[in-house]
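In what comes next, chain A is part of two complexes: it sits with chain B in the first one and with chain C in the second one.
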Partner chain A sequence: MQDTHHKPRPLGGRILTVPVVILTVLTLVAVYYVAVRFYLGIGAVTNVNPGYPWGIWVAFDVIVGPAIGCGGFAMALLTYVLNQGKYHPLMRPALLGGLFGYTLAGVAVLIDLGRYFNAVNLMVPWYLNTNSIMVETALCVMAYVAVLWIEFSPAVLERFRLHRVREFLERYMFVIIALGVLLPTMHQSALGTILAVNETKLSPLWWTQLLPLLFLISAIAMGYSIVAFEATLVSRGFRLKSEMHLLTSIARITFWLIAIFLVLRIGVIVLNGNFGLALEPTREALLFWVETILFAGALATLATDRLRRTERYIFLSACLLLLGGTFYRLDSYLLAYVGSPGWLYFPSVPELMVTIGLVAFHVLLFILFCKYLPVLSNPPREAAKARAP
Partner chain B sequence: MSLNRRAFLTRSVSGAAAAGATLGAQAEAATLARPDRAAPPDAVGILYDSTLCIGCKACVAACKAANGAPPVVPPTLTDWNSGIWDSAEDLDGRTLNVIKVYVNGTREVKDREIDGFAFVKRHCLHCIDPSCVSVCPVSAMLKDPVTGIVSYDQDACMGCRYCSYACPFGVPQFDLSVSYGRINKCEMCSHLQAKGEIPACCDVCPTGASLFGKLTDLQDEADARLEVSAGAAYAFPRGRLGDETRPKHTAAIASYQNKVYGKKDGGGTQLLYLSAVPFEKLGLPTLPQYSFAGMSEGIQHTIYKWFIAPIVLLGLLLALTYRSTRHHHGGPAQPSPHKS
Partner chain C sequence: MLAAQLLRATANNASQDDCTIAGMSRREFTQFCVGVAATMGLPQAMGLRMAEAATTQARPSVIWLHGQECTGCTETLLRAQHPTLETLILDLISLEYHETLNAGAGHQAEAHKKKIMEENKGKYILVTEGGTPTKDGGIYCQVGGRPHMEHVREAAEGAAAIIAIGSCAAWGGIQSAAPNPTGAESTQDIVPDKLVINIPGCPPSPYNFLSTVLHLLTFKKPPDLDDKNRPKFAYGRLIHENCERRPHFDAGRFAREFGDLGHRLGWCLYKIGCKGPETYANCPAIGFGDVGFGSWPVGTGHPCFGCTEKETAFEKPIHALAQVKTHTPPNAFPNVSGPKGWPADPVAVAVLAGIGGVLVGAGAVAASRMSGTPLKDEVEEPFDKGAPARHTAHADKTAAKGADEHDASAPES
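This part shows the complex of A and B:
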């Protein structure tokens, strides 16, 4: 049921724009500090210390990054599993975002691993510890990166007119798409299970046996939000007609996901009798409320059909939810994590620059891919106007 | 925070069920959390009695020598300490054992909580059911089936530091100061034990504060000390429990906290603590009576029991994606994307 006018095509246009130059500079700064890290060690670049072995390279780049990259997963769930073909135009940009979100998380892992050469041991059966949740996470993420590249490859094959390969691929694409839903379901929940072992190192405002479920639901909601966020920015930034009608129906799903998340998240705390902790004047309570208000704000801005039809509110809600989901992960992995007594952690400037550089590289690749490859299918605004009855 | 497992689990279960969780298996995780492991019958251990420790740090120096670990000077002390005096303040990538001090008020009396002070020795507790062994993705942390010693294999380790992150005591430490570091932690001088010797810290301890021995014997020894009334004279063994060649250290029994830390805490540890000030004042966390490894593995292995859930889900997804891709690309494949 694809509208022939909605075929994805490369945007073209100038490559060396101001944003591209800025993003390239930020990327190069990160490359410099990564070189220092490999030459002098993690301690020379980061503020990671004996009390806080994981810093923002893990909490943001590896945990938040893939959650923001859940667009492809969330849209595949809708387009292919629930068979809602109308969402096709949003599929490729969503996949592209996920592609870089995940690939760069993989790069971040290699930067952060202290003995990176031994990462191959994850492929050596006698070294694998099946009790370790990180095994599942690592293997699923690696497999999913491959799946994402295959899922996205038709765009590349179209560009280079390799239609025979593409036809062959599309025949079996349903297998890849199914894996592209299964694998993120597994590892996004496992990212929550990783924290299950930290019962005393994580405040009960975050620690619950439902961690895997909460991480999964919030990741899917973040997936829909990043799609709305990207679609709005792309239609504005590249002056294309927006995909508003699609975003409106997605917003309804996002609304329910946030609602379920909040009920579970707060319900477990109340049922366990720990809600009092949220009312004490502590840093944890503050973090909890910042996070909860962001989620509640995202919920409120999608509460009525009128709001859901307004681009501004959809965009605002997406921003709030992406922030909320980011805080939920940063809090549970780092900010509400109780390190060894006597130690504090705050990221160093070089450490931050690596994280910023990775994000910049992500956006840079996204822009370049949209210009070179058939990713976006929104018609330009002028054309849209001319066709309008 | 209540650490009563049963009550907590029941509540979680009802919460999850009420929510109609998609991962319904989640709710059962509670009841299926695997039982804690038991210590091997011939496990060895260390009994550290804080009331005997005089803070001489001979054990810290001996540990560094026995394990080839270089001295550590914190940045705040470098102006007068060129590195000739090891002055690590906490466990780090090059410090496997450290003596710390608890101080309060006027610091007048040893082993008193108020206006007093007390020493504590910190190193790996060699948990009976260790989190680090459970979480390590590449089996770099291993628990010896005979001695129960938790050892480290640098050829396996990929440096993810999940062990440090998950250890309830913050013990395993990655050496961050070199480009390709490794985890360092107390391995109870297993290289010395292989030669029939005892861990360096216990070997040099002048007062018997660090005492090596068979875990079950050490537990009995600790219980025996708690039985004796405070102030009574007691002959404390030095070095290895049961080694009659070393002279004993006769001193008065302190007024102990009525508990052996490590007997049950976190599922039990092979380093046992006795102290006159509350254990949390010494930086030893208050832990439930079960191991976190059992909790974490219980949740995970319930979701993935026999891999049924992922396989069923994959089958379902394949059916649905097959249907929807046929639907979208029903006709002959379009040869090329035409521009609008």
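This part shows the complex of A and C:
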């Protein structure tokens, strides 16, 4: 518990490290293809077609991205709603991850929209179709991006010593934090609802009325996983003291979330009498098993108290769950989704490079923010050692 | 007594004060004429000249003769909306004789026609609607006890211009189709030594007729005509060239029968007998009935039957394939039921596989370097027992140092 008393501080250090250069190059490649997309149109860059109007830019950048960026939301549930103050040190890095996850998802939407300039109409109340799930999702995401930036702003204000502004903000921060819990609940489930209204286009191995709930549970579980993933990697990479004791108690929650998810997910298929589909030699069945095994693996690596106390298994479990959650979303939005029969889709190289570039940009910003702004609060390992009796 | 006067008196909007022409304000009429000029491919100034010509000159008399036909051409003219064309026609021209619209009848009407033809010899416009029977002395269509043939020849004699409206007058129409029991012929066949402007169509667009009349009034000569004496502005291009379904033809998407998927999706009607590829007319460009885009046969899902072409309409069966005058669809058109979209690019597959490999590899390496020892309660340093940590390039020495410096300078609150 002593560790929580450490204040977050910028890491500092050299900026132009090898990973930063590699990530910058990947980002610049994406910038080039995005420029081509805006100059020549979507068709010049992507393989999307009338049968697959949503390619990986939607399925990965917009659907998977915010789920991976759910750390801020998941940690806020724990820290503020359940009032577990001890998790506070994990809050800022989680928020930072969510911040970029969501912001870049918004950017990806603008790149993917054919008539992106019409997106401003979302802000015009009388143009809104209030029966549209997409409108709900879009508004929630836009509002949550703003909320995340405000939630994270104290880190920036601290860095530039704008204490007055910070004090003013923190007086009303509870409203923002409340919104920061409400909005993701709404739109993470809405991402499932988008598919729930598309019963005929989705295999019964994925389609169920419970899709909104399944999307929400898996998003929260992915949120905790990205926190564990990021915390283990950052403490390794930046040589900081580990936050294992916090991760262990989070792992317990993650374990139960995955368990509930799997029971609901498979239970619905069995109850609807569709489990036979999973045993047929089809592509859908293969995807279903890959996804289920990933979730089950994440569950198994957290199964005992001993495993949950071990950094390696925490990390492995986080990796498996993030992969499983990613596959769950890719399957239901792209791989097992048949919008119009007879169409083929495989992302083109430029399309892939844009997605890779966005992810690279995300990691790049995360590293730079950690170095410049007070994000991480675990003390460097050497310092901790020196203080040890 | 006359049709023109009667209609003019009863028309709602035919107030005759100085500032209205044909029930329209001067401004509306000028706009209309400019629109007509645009339809004919003439510059805007020509529209103004048309408006001037139509308002300043004495209205020319028009004799309108009906032959073997269904009166559809007159019906379509009466339904023109911009402006209500009967009003315009009656104020623009002086319609002296028209068997459908005549208020008078019998000898009275015939006598008036004769009087007008004598008074305006060489100045009136003759419009013929319907084919002319020639077999057995033309006895199969008679008006006032005389064959239609004689009426046409008599009226053509002193006409300044002759317009044959509709397919029947332009090339014989349905009654001229084999076996042609009445020996029906076009107006041009009856008066071979005169120039007859043909406005074929079953029915033709009223605006093609009106534009021709305005052209005659303005320039005192017929518009440019093609080899069948049809105005080029209306009949210069194939329906196929301006058809809104043309992209489907080019992409090989055809309706195969009425009501099939392709038909319901609005695909090309060529394979169910559309004659658009061999028919010259401006139907897709201007439509019918003034109700907007798509209001013409192909637009509503029926194949064109080629009403403006003598060799096509009533000669070729509805289902027969048109002779494509531009280019025929090759057999190599994409199969509409096959897979669409682009298959996986090997490079893209390689990139994806590479990402997968990097992720799995990096994950495995990271996991292998992490502590495999369970955390004990309240233990501060789990890493002491783990492997030495020096695996990432950016975890350089300055990281810890820099952090310390920042720590020292950071404001403590």
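Quick notes on this one:
Heads up, the rule we're going with is that the second predicted complex is superposed on the first by the 383 of 389 C-alpha atoms of A that agree within 3 Å, B and C clash if a C-alpha of one lies under 4 Å from a C-alpha of the other, contacts with A are read in each partner's own complex, and residues count from 1 in each chain.
Note that a contact is a pair of C-beta atoms (placed from the backbone, for glycine too) under 8 Å apart; a residue touches a chain by one contact, two chains touch by 3 or more.
Every value quoted in this text rests on a predicted model; they were computed, and no experiment measured them.
Taken together through their common chain A, the two structures put chain B and chain C in a clash. Counting residues of chain A touched by each partner, chain B versus chain C, the larger count belongs to B.
In the overlay built on the shared chain, the residue A:Pro347 is in contact with chain C alone; chain B does not reach it.
Of the two partner chains placed by the overlay, only chain B lies in contact with A:Leu182; chain C stays clear of it. When the two structures are aligned on the shared chain, A:Gly51 is found in touch with chain B and with chain C. In the superposed model, A:Leu233 lies in contact with chain C only, and not with chain B. With both structures placed on the common chain, the touch criterion links A:Arg164 to neither chain B nor chain C. Of the two partner chains, chain B is the only one touched by A:Asn121; chain C is not. By the touch criterion defined above, A:Pro374 reaches both chain B and chain C.
Judged by the touch definition given at the top, the superposed model places A:Thr79 against chain B, while chain C stays out of reach. Touch criterion met: A:Arg9 reaches chain B and chain C at once. Superposing the two complexes on chain A places one region of chain B into the space of chain C, and among 61-69, 151-159 or 277-285 that region is 61-69. When the two complexes are laid over each other on chain A, chain A has residues 7, 9, 49-51, 158, 161, 163, 342-343, 374, 383 in contact with both chain B and chain C. Those residues of chain A lying in contact with chain C across their complex are 7, 9-14, 17-20, 47, 49-52, 158, 161, 163, 232-233, 236-239, 241-242, 244-245, 248, 306-307, 309-312, 315-316, 319, 342-349, 351-353, 356, 367, 371, 374, 380-385, 388.
The touching residues of chain A, when paired with chain B in their complex, are 1-2, 4-9, 38-44, 46, 48-51, 53-54, 79-83, 85, 88, 112-116, 118-119, 121-122, 124, 126-129, 131-136, 138, 158, 161, 163, 166-167, 170, 173-175, 177-179, 181-182, 185-186, 189-190, 193-194, 196-201, 204, 208-210, 212-213, 216, 260, 263-264, 267-268, 271-274, 277, 337, 339-343, 374, 379, 383. On the chain C side of its complex with chain A, the touching residues are 337-345, 347-349, 351-352, 355, 363, 366-376, 378, 380-383, 386, 389, 391-396, 398-407, 410-413. Across the complex, chain A is touched by residues 1-2, 8-9, 11-12, 14-16, 18-19, 21-23, 26, 29-30, 89-93, 131, 134-139, 154-162, 164-166, 168, 170, 173-174, 176-182, 283, 285-288, 292-293, 295-297, 299-301, 303-304, 310, 313-314, 317-318, 320-325, 327-329, 333, 335-340 of chain B.
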